[in-house]
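One chain, chain A, appears in both complexes that follow, with chain B as partner in the first and chain C in the second.
What follows is the complex of A and B.
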């Protein structure tokens, strides 16, 4: 009798898990993929490539005006100088929040995201609610993230429709004078580098 | 194409609901899906534009009811079948039933770090000078191709300003269909909120897209 109990069996796979396992089995049997390569890819994004990379870039930009200037002119090279390169970070642009303009990044057409500096995108970034609304109702979107900007603050939305990948440089929080780059990086949240958040305040960190 | 992927300005999807302390993966199969997609792509038989087009060709009902890794896997199956690596029978039975297309290369574990660090740059030299310069007024084309394009519907037939001239880049509209890279200059084009969404739009809003040169005409 099907479905006569609802507890979970570890040896049963949900349909998607079974589908992916079957595909991996076929491709491995055919010698088209190396399962150890898959392990290595996953490990890269679990342990090496993530938003701490972007936080280092932001903290350096906050600390070093010459670096910030380089980042504005040639973000790909300035970021590569910190040994941060790679897939979905080949063509970087840094966009700087100012006292009167807030930047917000989206990809309405798929899920383009600067992997090299932020890692893999969160589910919400790839999902229809964000992709549909970020361009038409960015203030409403920001409010859902708890970010309420003054009505006079201009909002600039960057739709990543080509191969440029955007990193938002948030405003440096107040009360952080004298901190070094490693300390400053602690205030740089992932969402602040997408534009759906602000850098955290010192007392909140 | 005017497919389910072209989401800018659509309504009715509800709130965003970011997940607190979201895990990097929500199931083990998502890890394998990520790795399979990258490893199979590394065989070199299709490009990122063809991949994106395979995803946007999913039926809209399927696209909207799938998570992004589900979309990736469904599109990957299409690409593997199209390029002769797997047969529908193999996908149905979950077993290899014989040899298919010979791969150009296979991504081995030892090469993963280098391959991911290198990525896949898609800037290309363009022989002629850029047609536009920063500050130029432009109008985007109004077209509705059934094939792949990266000009979203909300930004078609709109007046904007060139914000920045970028490098030459592979042209996805042809590259997705095996018709060559045909690189063109890309421009960041900025529009006012009211130009895109009408008089009721937030007057402080500006939106930019990155547009290939042939999407634009002088205005």
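What follows is the complex of A and C.
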């Protein structure tokens, strides 16, 4: 019992934190991990990897038809060409929204997610309701996100795996002609690259 | 929590998805250990996904995914025992040692395993 003691000034480790320390001790002693490398990984995921990477990919695909074509054929290489690489060696597939097809990404198995381009998944992506409902009732799930598509728009659901992760390329918003890639990237939201949102629209002047 | 509440909560933290990814430091450490061990070739990512899925599918998994890193840690532990790196008993004992060490460490000082009074 953590609070069972007389002197309340002592440190306490909750059971999960203590267990993590135990595993760290074992793995370090066996030479399987290096505590400094662990810190570096945490730092990378907390600060360097995030949806801005994916937004760069999308903005480039919107601006450069040749890049878009490459992304469609070989997303792993096209993404790596922007100095974004996956740590798990997973393959990437880009799925392009069109006027009549909307793409939605889920991982029904666990929480496979394109970390290299989107960072770590939001809590709802990992939750059982999203993982089970996205496949059965994608239109209902999109409505929860406030996304209502015309009845005629097909919704295609992509179930991620450990080896293959998907990046949705949303439709380029209207009224963005003449903007450069950095400006375009501002309209690319994380949710629009999962398919639970659309690219944001420029504010009317 | 319903899906809608989870979405609202996630939007409430910060727009555009740049939310803090770990709620507590141990979650970040557990996450990073899996990445490091995978890089070391201890398991394939497929093995990892299956181990994690096994934990997430346990009866009683929470709808709001607040136990996600708990599942993550249990999945890591299951692979560590499966690969004979350490037994569950070793892990249990060392966990208890860390807790004793924490308790014996004056507030404000770093917790070290050496501070465990039962250490031998």
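Convention: the second predicted complex is superposed on the first by the 183 of 205 C-alpha atoms of A that agree within 3 Å, B and C clash if a C-alpha of one lies under 4 Å from a C-alpha of the other, contacts with A are read in each partner's own complex, and residues count from 1 in each chain.
In this section, contacts are C-beta pairs under 8 Å (C-beta built on N, C-alpha and C of every residue); 3 or more make two chains touch, one makes a residue touch a chain.
Source: prediction; values computed, not measured.
K.L.:
Quick check on the superposition: with chain A as the shared anchor, is it clash or fit for chain B versus chain C?
P.N.:
Overlaying the two complexes on chain A (C-alpha atoms) leaves chain C and chain B clashing.
K.L.:
Go through the superposed model and pick first if A:90 touches only chain B, second if only chain C, both, or neither.
P.N.:
In the superposition, A:90 touches chain B and chain C alike.
K.L.:
So which one touches more of the residues on chain A, chain B or chain C?
P.N.:
Result: the larger residue contact count on chain A belongs to B.
K.L.:
Looking at the overlay, what does A:164 touch: chain B (first), chain C (second), both, or neither?
P.N.:
Touch status of A:164: first partner only.
K.L.:
With both complexes overlaid on chain A, does A:32 touch chain B (first), chain C (second), both or neither?
P.N.:
It touches chain B and chain C both.
K.L.:
Let me test your reading of the model: by the given contact rule, A:173 touches which partner, first (chain B), second (chain C), both or neither?
P.N.:
Once the two structures are laid over each other on A, A:173 reaches no partner at all.
K.L.:
Return first, second, both or neither, reflecting whether A:189 touches chain B, chain C, both chains, or no partner chain.
P.N.:
second
K.L.:
Between chain B (first) and chain C (second), which, if any, makes contact with A:51: first, second, both or neither?
P.N.:
In the superposition, A:51 touches chain C alone.
K.L.:
Return first, second, both or neither, reflecting whether A:144 touches chain B, chain C, both chains, or no partner chain.
P.N.:
So A:144 meets both chain B and chain C here.
K.L.:
Looking at A:152, would you say it contacts chain B, chain C, both, or neither? Reply first, second, both or neither.
P.N.:
In the superposed model, A:152 contacts chain B only, not chain C.
K.L.:
Could you list which residues of chain A make contact with chain B in one structure and with chain C in the other?
P.N.:
13, 16-27, 30, 32-34, 37-39, 41-42, 45-46, 87-90, 109-111, 119-120, 122-124, 126-130, 133, 141, 144-145, 161-163, 191.
K.L.:
Residue numbers of chain A touching chain C in their complex, please.
P.N.:
5, 9-13, 15-27, 30, 32-34, 37-39, 41-42, 45-46, 50-51, 87-90, 109-112, 118-120, 122-124, 126-130, 133, 141, 144-145, 161-163, 189-191
K.L.:
In the complex, go through chain C and note every residue touching chain A.
P.N.:
1-4, 6-7, 9-10, 16-22, 24-26, 28-33, 35-40, 42, 44-46, 48-50, 52-53, 56, 61-66, 68-70, 73, 76-77, 80, 85-86, 90-91, 94-99, 102-107, 109, 111, 113
K.L.:
Please name which positions on chain B make contact with chain A in the complex.
P.N.:
The touching residues are 5-11, 13-19, 22, 24-29, 31-36, 38-40, 43, 52, 55-56, 64, 67-68, 70, 73, 76-77, 80, 85-86, 90-91, 94-96, 99-100, 103, 106-109, 111-113, 115-123, 150-152, 154-155, 166-167, 169-170, 186, 188, 190, 196-197, 201-202, 204-212.
K.L.:
Taking the complex as given, what residues does chain A use to touch chain B?
P.N.:
13-14, 16-27, 29-34, 36-42, 44-46, 49, 85-91, 108-111, 116, 119-120, 122-124, 126-133, 135-136, 138-139, 141, 144-145, 151-164, 191, 196
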